[in-house]
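Labels run A, B, C, D and E following the written order; every chain starts at residue 1.
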């Protein structure tokens, strides 16, 4: 692996602690794809997923892993941010209930408690899902369970949780010996969106460097999909604490969800989701797509 | 003058804040300017005040229970040697438990009502009270306890008439610290899972990138903190008139 | 005996914990049994100890800076009347600021290194020190200050030779509280974006429902907290030999 | 007869106090080595001696505030050889410092003993005692607002309020002016008559006026010597000629005690 | 000539102290109303009076520790009518309580003044003074390990260490036994000769032995009366016949002062 020339340094803020959702990034790193392109990527995990986009907007980091719904809100709030790549191209969010619990369909939620972790738009998702079954938010009780989404559900504190990831919480419950039932948001009236995206500050970003970054990432995804077992070994190398049953299962379940063409942008899909966000009152108006998404040539 | 003080203090805080904004040029979504926050406050003042009421209730209950628990712990610690060996380490260890570890447990036992929030606030509030009072109880002038012993004091009356009054200034010190941390105690309590309160509002605003609203809530909380602190500080001074207490040392020199 | 004390205390804590698990029947993903935690500890001990080193460094730096800042604040507060009007409210208000509001600001100013974490820890640690010492400085026996004035003391020597030594017991009280909250200060500091430390490990484990690993880290932190507390408590008692200090009051009655 | 005088009626026989072979040392320096002392029942014993010789320590020892080292004992002997426990007839103890509690007013300090024993406080007697020590107008003053002598008088009133069969007083009149001192000496003698008293003083006149037995403490380890006291009922009149002779002799003995220290 | 004696060589003329029309009241009770007093330069003035009359308050006033109310003044007059500021010749002040700092040993307490003025502490002189008050072996003892009289002696050594041209002493010998007291009276007289001294005492003998002017304070608001003092150089011999007459007279005056209080 050539390390001779001066590299371009990039600070990348993850959305949350290192987990299999970040697999392509780590495979690219471990395989030396970044280095081959004269990139030196420093990956930092925050404790609060809301911080990375802010810090990128403030010029304190070059790239952040963030969420598409948040992007719309952030740009509407005036943050200089633009999506330039996609990591996970489908929603991961679900509404999760216990399989042998009383909730069989979303309509059964009437009068029940739904836990959420304050992220900013869970209530909007829920409102859209409930609307298809003739319910409103007034028909349920929303409880902020902050740090304990699945414990709250397993311990019977709430009847459902919104914001659970299909690749994690379902496996988590299975490991604990509970079977879960997931209502996938994109099947329940919410337009499909990219769960994990890469954002940068359009005012400062170096398009050429980011393009190289995306190329390396694409190599990472390719390798990951082609060699999942070897990739797993790469992922846990030096990160022994990640080597557990849950991550192994999540790894498997996340594989099909990675964007194989990280640089590609589906403009119509983004505009459709922006419209949804506006209808839910989360953003005042749908901006033109150039204002929040970029395709790097 | 005395009544304007809080206003002046608020003005001072705002000024400081504006200066920081100017000096550092922090972007508005990380540190909004006071004017933006004022607008956000005014637009949302009903919501903010509603949430503030909840938080105020939690602060009050937290302070009340925390003080009672703290005073009680200190007495037990001071009076039973085994307690000091076994309870004190537990109390100290309890201070090292972060919210997210405790939150699910508290919710499991106490549910999502106000109880779990108050419990969390109490965990933060009681320690300064207990530690301060315990320190005070350890430091009683031996002359007084000797005198009381020759007067035939029982452990109970010794406590009531000698040790506790003598330790009150130290308890007051602890209470001052507790009062200052009570608001954050309530906010941390709200992280345990809640649907109301300034902490919830801040978390929510943070999630929606409404930095101005978050800071409006934070400012409200800070004003609370300062007001409660000065009310309690004043009450404590009045309650301990025998205690030498120069609010400032400047004049003397 | 003295050397076994920490072990016995640890054993006591574990027993208490096991009893709580038995009594409440809490599910293991919320409150794991000590045995599970022990296994998790052993399987991950290299990782835990590595992270613990980082946290220990943060605790040490936090305590050091926090104490210096606290002592300094108290002196400024005690000596300048305007400071008391303006600085004290700011200090009190600072205690009401939650991490998530401050974290991006700190990162903005101090970057991702250890500085921003220590700054957060300091914010938590310094207040008990400042409040305790300030209280002590306010309470100097007027007889001593009068005497010093007739001896021609300057404000500086008055401070150095009379007020500060007289306030040391109160400072020690504040330091004890600060020591107890230092570990959580470091953990909270780690929320300001970090990739190491027990707080990071706990949050990480919590996110993935590895309650056993989280509690293994928490237990390590608690042991730290207790050890640091007793080391500092002992040092403080030794440093103030003139101070009446009954570690227990039982014998006397 | 006022309320307090009624209260101070002669008691059932007060105990004698017998110290045998008591030992006490502070940080290696031996203060008492096998010291013996017998304080006669119902009498005023006075203890004099150079500063730092151990008078206060002896009082603390009798009051039970210091642990008697190495086999010695402090016994309270009621009649014949019947030993009573200190707990049964605990001595009242007035320390060298006034030890007033700063958070209580003068009255509160005087009734402190009753409060500590959970008795109903007898406020009228306390007020009466305060009046007798000349502090009628200061019943509600906090110690910080009292002069040194006034504080000492409150401490004296507090000790008298205890009305114990044995009373230990450590320089109880040291901060009082000559006239007040004479008056309070008389008051104390009157109210405490028939009790076993041990009084530490630095004033030879006071010793001669009040003492029925006079002890001089000297040396390290401390020795006790009894000196003859003037005849006649206490409080004695200092104008007496015999008194003056005694005074001169006491002074010379004190000088010797000092020299030997 | 020892180190401390050298230090205590006669000073440039010490100031007289003139109080004119001073007022002081505590919580409504008027202690001094337009009180006048002149303390002659280079002399020992003694102040006597009933307990609680205001002696300590007067000393605090002269020391600058109480604010003179309503137009009165405390002046330090160097020679003729030249007024010096208190700051130029600040009086040394020995309070009624010993006020030793518990965290310093005896030596540290004695050199406190020099420390507070940022002078280099003169340890050898401090040790010498401690030896003169009989505490050579206790230089490194903390106040908590000293007896009441020993603490007072440390406080006296600390005051002497200041070596000021004016010295205010509030019952400086009250906790000392008769012999030590005589010795320390002599020491103080010798070391402080030629300075302006105001000494509060409750012991008429002490007043007559040391006083070149004797004042009695009485009443509320307090009045000051000067009483004639015996002739002859201080410290005087109490065995003198003239002395005894004076003593009797002083006692009767004190009695009157007390009655009027």
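Everything below uses one rule, namely that a contact is a pair of C-beta atoms (placed from the backbone, for glycine too) under 8 Å apart; a residue touches a chain by one contact, two chains touch by 3 or more.
Quick caveat, the model's predicted, so the values are computed rather than measured.
S.K.: So which chains are sitting against chain D and chain E at once?
M.R.: Under the touch definition, chain D and chain E have no mutual neighbours whatsoever.
S.K.: Can you name the chain that lies farthest from chain D, using the mean of each chain's Cα atoms as its centre?
M.R.: Farthest from chain D by mean C-alpha position: A.
S.K.: Write out the two chains that share the greatest number of C-beta pairs in contact.
M.R.: B-C
S.K.: Report, in whole Å, the distance between the mean C-alpha point of chain B and the mean C-alpha point of chain E.
M.R.: Chain centroid spacing, chain B to chain E, equals 50 Å.
S.K.: Which integer distance in Å separates the CA centroid of chain A from that of chain D?
M.R.: Centre separation, chain A to chain D: 84 Å.
S.K.: Roughly how far is chain A from chain C, centre to centre by C-alpha average, rounded to an integer in Å?
M.R.: 36
S.K.: Find every residue in chain A that makes contact with two or more other chains and list them.
M.R.: Counting only residues that touch two or more other chains, chain A contributes 48, 50, 54, 58, 147-148, 151, 155.
S.K.: Going by the contact rule already set, what residues in chain B reach two or more other chains?
M.R.: Only 26, 30, 100, 104, 108, 141, 149, 153-154, 158, 203, 206, 243 qualify.
S.K.: Using the touch rule from the top of the page, what residues of chain E touch 2 or more other chains?
M.R.: Answer for chain E, listing residues that touch two or more other chains: 97.
S.K.: If I apply the definition of touch given earlier, which pairs of chains qualify?
M.R.: Between chains, contact exists in these pairs: A-B, A-C, B-C, B-D, C-E, D-E.
S.K.: Considering the complex alone, what residue numbers of chain A touch chain C?
M.R.: My answer: residues 11, 13, 16-19, 44-48, 50-51, 54-55, 58, 60, 147-148, 150-151, 154-155, 168, 172, 176, 240-241, 244, 246-247.
S.K.: For chain D, which residues count as touching chain E in their complex?
M.R.: 26-27, 48-52, 55-56, 96-97, 134, 145-150, 152-153, 171, 174-181, 202-204, 251, 254-255, 257-258
S.K.: Residue numbers of chain A touching chain B in their complex, please.
M.R.: Within the complex, chain A touches chain B at residues 48, 50, 54, 57-58, 70, 73-74, 77-79, 115, 118-121, 142-148, 151-152, 155, 157, 282.
S.K.: Which residues of chain C touch chain B once you look at their complex with the stated criterion?
M.R.: 5, 9, 12-13, 16, 24, 26-27, 30-31, 78-81, 84-86, 89-93, 95-98, 100-101, 104-105, 108-109, 127-128, 131-132, 135-142, 145, 149, 154-155, 158, 163, 169-170, 172-174, 176-177, 180-181, 183-184, 187-188, 199, 202-203, 206, 214-215, 218, 221-226, 229-230, 243-250, 252-253
S.K.: Which of the residues in chain B come into contact with chain D in the complex?
M.R.: Against chain D, chain B makes touches at 141, 143-144, 146-154, 157-158, 161-162, 165-166, 168, 240-243.
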